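Here you go, one structure.
Chain nomenclature is as follows: A, B and C, assigned in order of appearance, with residue numbering initiated at 1 for each chain independently.
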Amino acid sequence: MSNDFYTLNVNGEDHQVADSWAGESLLWVLRERLGFPGAKNACEEGECGSCSVRIGEEVVCSCLVLAGSAVEQEITTIEGLSAEGELGDVQQAFIDAGAVQCGFCTPGLLVTIDHLLEKNENPDDLTVREAISGNLCRCTGYGRILEAVQMAAASRRGENHE
Amino acid sequence: MSDVKTETPTSSSRIGDSAPRPDGIPKVKGTFAFSSDLWHEKMLWGGTLRSPYPAARINKLDITEALLIDGVHTVLTHEDVPGEAVYGLEHADQPVMAAEVVRYEGEPVAIVAADHPEIVRRALAAIKVEYEEMVPLTDPETAESVGHIHPDGNVFRKINLRHGDQEIQGDVQVEGVYEVGMQDQAFLGPESGLAVPGEDGGVDLYVSTQWLHADRRQVASCLGMREEDVRITLAGVGGAFGAREDLSLHVHLCMLAMRTNRPVKMVYSREESFHGHVHRHPAKMWYRHHADREGNLVRVEARVLLDGGAYASSSGAVIANAACFAAGPYRIPNANIEGIVVRTNNPPCGAMRGFGAVQTCMGHEAQMDKLATALNIDPVEIRLKNALKTGDQLLTGQTITGTAPVAEVIRTCAEHVPSYQESSDLMSLPGGAGRTADPEHISRGEAIAVGFKNLMFSEGFDDFSSAVCHLENGVATITCACAEVGQGFVTLAQQITREILGVEEVVLAPAATETVGSAGSTSASRQTWMSGGAVQKACEEVRLQLLQRLAEEHKVSVDDLVLVEGQALSLNGDFSINIDEASENPLEARVEYRHAPTFPLDEDGQGDAHVSFAFAAHRAVVDVDPELGLVKVVELVTSQDVGRLLNPLQAIGQLEGGAAQGVGLAVMEEVLVTDGNIRNASFTDYLIPTALDMPPVEIAAIIEQPEPGAPFGAKGIGEPPSISSTAAVVAAIREATNLELPRVPVRLTDIVSVEELS
Amino acid sequence: MPVTVARSLDHALAALEECPEALILAGGTDVMVQVNKGSLSVDQVVAIGRVPELQGWSREGDWLHLGAGVTYSEMMGKEISSMVPALAQASRTVGSPQIRNAGTIGGNLGTSSPAGDTLPTLFALEAVLTIRSSAGIRKLPINQFVVGVKQNALQPGELIEKISVPVLEGPQEFCKIGPRNAMVISVASFTLLSDVKENQVRSCLGTVGPVPIRPTEAENLLSNGVNWEKNEVSSEVLEAFASLCADAAQPIDDHRGSAAYRRHAIKILSRRAACRIFSEDHS
């Protein structure tokens, strides 16, 4: 156990992490120390994407980030993707398209898709599939998820999605 | 993320609408509490020591060193189990913790509670176990003849179905031996929970599960406590698919909490999860189909062997299903089906979506294709010719009295013209980003398969669900212990209540053993019928109570009153009242709902053992690279018989999701077991379909022929999508390669021929 | 403080000098898997993910120098993929987008797995590694760096600074077999690079030996057998090339594939890769 502390910037705010074990992953610290259980722990070996968070400009698996090394980075979790009390467009699309069943993969997917649509406002089917190929879903078969992405993309482009 | 809407509930939706899930908003915000998200200020962490051997005697178990580690609060073994040493769904044959022997790799041997998971890890490493390895029983074909590896013997169940003429021969006969590998449910949410010791000497357990009350029965038994002192509340479930029907960490967690008098949380790692739950039974099936020259089925003979692994779980019910549905949704005038499920030292097997019918569907559909080839009849034609319909008899002698639109399911699936546009990108070829092939290397195949199974439990099981409806100030509160595992029962519960009571606001109380009776398991495609039925019944009773109250107060006839859009109205327009006001004085109904009784199978496997059946067909198009054995499923079309569509969007989700699991079993999913050891207990090597592997699933037809006796006429829809999908994909690969492919999952080396490899 | 987040190369090297056994952590995509499992305990860590000298790449004449911290996503970018297409193709097959954003070429070398996806191309290019320690600097050709299954020549206190590869002129192919279309560990892989200036091909087999294998006999046969003016090669030469590549493989049986399959796969992949680069003269 370390008596030192370090500071993580999560969703725009600084959080101190004290009394930690050196090997704790960012995922674990977010969930068990900082009160951000949104990122999930389906595999903790980088094979499912349920722990996806944004660090700076990139989406990464937070289970593969050593928490103590993530200092001075802008970490954004699912909890930080939309303002308090509001739903972002991808979140709303997930609900409208029926893309949520058990919901365990949902936070990771939302972080990934939010990032995708920032970079690409009109991704085709294959592009979306490749972008979410690191996010496993066991319930949906991805059909409604892909539909949700197109709905959100259309909404961002200002169109009405058919 | 650009903000669009504030968090307001969408408009009310009733039966038949694509109502949005009530838990959708917390799930997309990341605030929904799954069982691994639970947290308590004073909580300790729990962990489990598991046997590395599939069969061994435990000669010595020394926990003294572990106890000395700073931060360890307790270490417990089988000696500390307060009540019954064993538990089980059908038979109590599985130890809470191993005493003298371990019978499968991963069997729990000791449990620990400590301040931090790292301390738990060190404590587990410090427990000294002296194992004496034994030779594991790993070949299910020998299980019957070798020495017993358990006092209850090596055969869980043997079942024989003898239907009609046992000797009759067909002019054409086709034979085959088929194998299905061990599939895993691979739900994403790990086994997890929180146990909190009660001040009254009881315990509160928050856990992901499929059946709260079955858990409570077993946990109480093992803790030596009364059932009412074990209070189980459903925590958020991250998928189940059969894997949470049995206990996993439940007793362990409660023992740790009660011994330390602290809340204890436990979360399995993914690797531990593979060892910690039951898998789909691997199967070996021999079939001989007899037909006449026109293609009418004359007799089916089959022997189905399932490997149940170390403990019973629900193996008895699985083999019965496999046997009863062994020949598929066809008219079979004569049959002898032998089913056996055995105990081995392989990983324990139990419920997984499809429950025995997945395995036999792969067999019977391969056989139907062989017949079609032998008779030079089109594969769709031969299926239509033999398709079951209402009034036909099953292999069990039971007559189908409900709906059975099998021909329509097949025809619509076969005739559907897909609208999906294929991509010409090389990424869409087998191999994907691996760039292993060009279009000229690819062979395409297409095939259809049909499957079915029963809904609800069978063979005389007392299958029921319970619900409470409470109406007060215009708000309806529904309490039902139906485990929501992602399938969307919570949405249906609201839709049903709104439909019957005409109110907008429907609150779902937590699913808990303390407040409501059993809802049965979330499995067997039963909850829409059973818990939907219970909610319907409870709401109907409250509705009647309310109408009777109003009828008395306002001197009108009950028959003249309706509840609609928040109002109670008399049909003649004389009066109306807000339901808010009318229910200021609360009304409540507490009900149990049962389906029509089923009956046991006799010694010939004959009897009215089932309530209802659901049918589905899949048509698969696959691209195969025959030189490398790589496969890409290009397209999947499906038709399904649903009775009545209660929520179209959620139904689509089940059809697409179940098909994905079928695709997985066809081409990539297998728990690889060698000498009783799992070689791929991780998502690195247990592969489930990603978005790049899964084709679009096009729904050719959702066939609504209301099922008599079913609440709203609706059949369960969860399992059929996972049954014929595997069979369709492997049949399409056969078309593309001209290979027999008697085994799923189809591996690279199944397609690349032996000659090519030498 | 168990975790040192290095801000410069000197800072990293000083930390490593002080604690030569420290875990070097860049993207974490291999190391953290083991940490999470509990099979790697964490005492001292030097996190080098933000060392500026390890980021980015530069072109010097015919050489491309890649910082050890360059990620797979970066290697898929336009510039690198135009200079070393096979490296970009290989990067696209690694893990998932999340893994590609974090994983680095230095990490792939540091892990030295037989299935490492950048390694076949780097071997074919005869990449040169620049290795730094507080004691100094040394350069090592890659085939002297990756020496066995998860074994390399990195000494305690050292880290990889950059990887230098020649920029060849000519088409390149990297192919990898996995049982699923995303997130797969290679069952077998193959890289083929054509060098039209030297009228030579270079190739490498991946995942079919303890380290990547240069099938030199096959390379010579193809280099000499190609009609470089017409960019054509005969079917006989292609067959012989493929056979020699397969012969050079030293595959094993494991739960991901059999030796026989792997050898067969190399034969198929090598022929197909060559057919993409050269036209087949059927006469």
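To be clear about the criterion, contacts are C-beta pairs under 8 Å (C-beta built on N, C-alpha and C of every residue); 3 or more make two chains touch, one makes a residue touch a chain.
Quick caveat: nothing in here was measured; it's all calculated off a predicted structure.
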{"item": "Reference chain B; chain at largest CA-centroid distance", "value": "C"}
{"item": "Of A-C and A-B, whichever chain pair has more C-beta contact pairs", "value": "A-B"}
{"item": "Chain B-chain C separation of Cα centroids, rounded to whole Å", "value": "43"}
{"item": "Where chain A and chain B are represented by their mean Cα positions, the distance between them in whole Å", "value": "28"}
{"item": "Multi-chain contact residues (two or more partners), chain B", "value": "118, 269, 433, 684, 689-692"}
{"item": "Chain A, residues touching no fewer than two other chains", "value": "21, 23, 44-45, 47, 130, 133-135"}
{"item": "Numbers and ranges of chain C residues touching at least 2 other chains", "value": "36-37, 181-183"}
{"item": "Chain A-touching residues of chain C, taken from the complex the two chains share", "value": "1-3, 5, 25, 27-29, 32-33, 35-37, 41-43, 45, 47, 49, 73, 95-99, 101-102, 181-183"}
{"item": "Chain C partner contacts - residues on chain A that touch it in the complex", "value": "2, 4, 6, 21-23, 25, 44-47, 49, 52, 58-61, 63-66, 68-69, 71-72, 112, 130-131, 133-135"}
{"item": "Chain C residues within the chain B interface of the complex", "value": "36-38, 89, 92-93, 173-185, 187, 189, 255-258, 260-261, 263-265, 268-269, 272, 276"}
{"item": "Chain B residues within the chain A interface of the complex", "value": "1-7, 10, 18, 20-21, 23-25, 27-34, 36-37, 39, 116, 118, 185-190, 236-239, 241, 267, 269-270, 423, 425, 427-428, 433, 485-488, 649-650, 652-653, 656-661, 682-684, 688-692, 694, 696-697"}
{"item": "Residues of chain B that touch chain C when the two form their complex", "value": "118, 121, 269, 271, 430-438, 441, 627-630, 632, 667-668, 672, 679-680, 684-685, 687, 689-693, 747-749, 752, 756-758"}
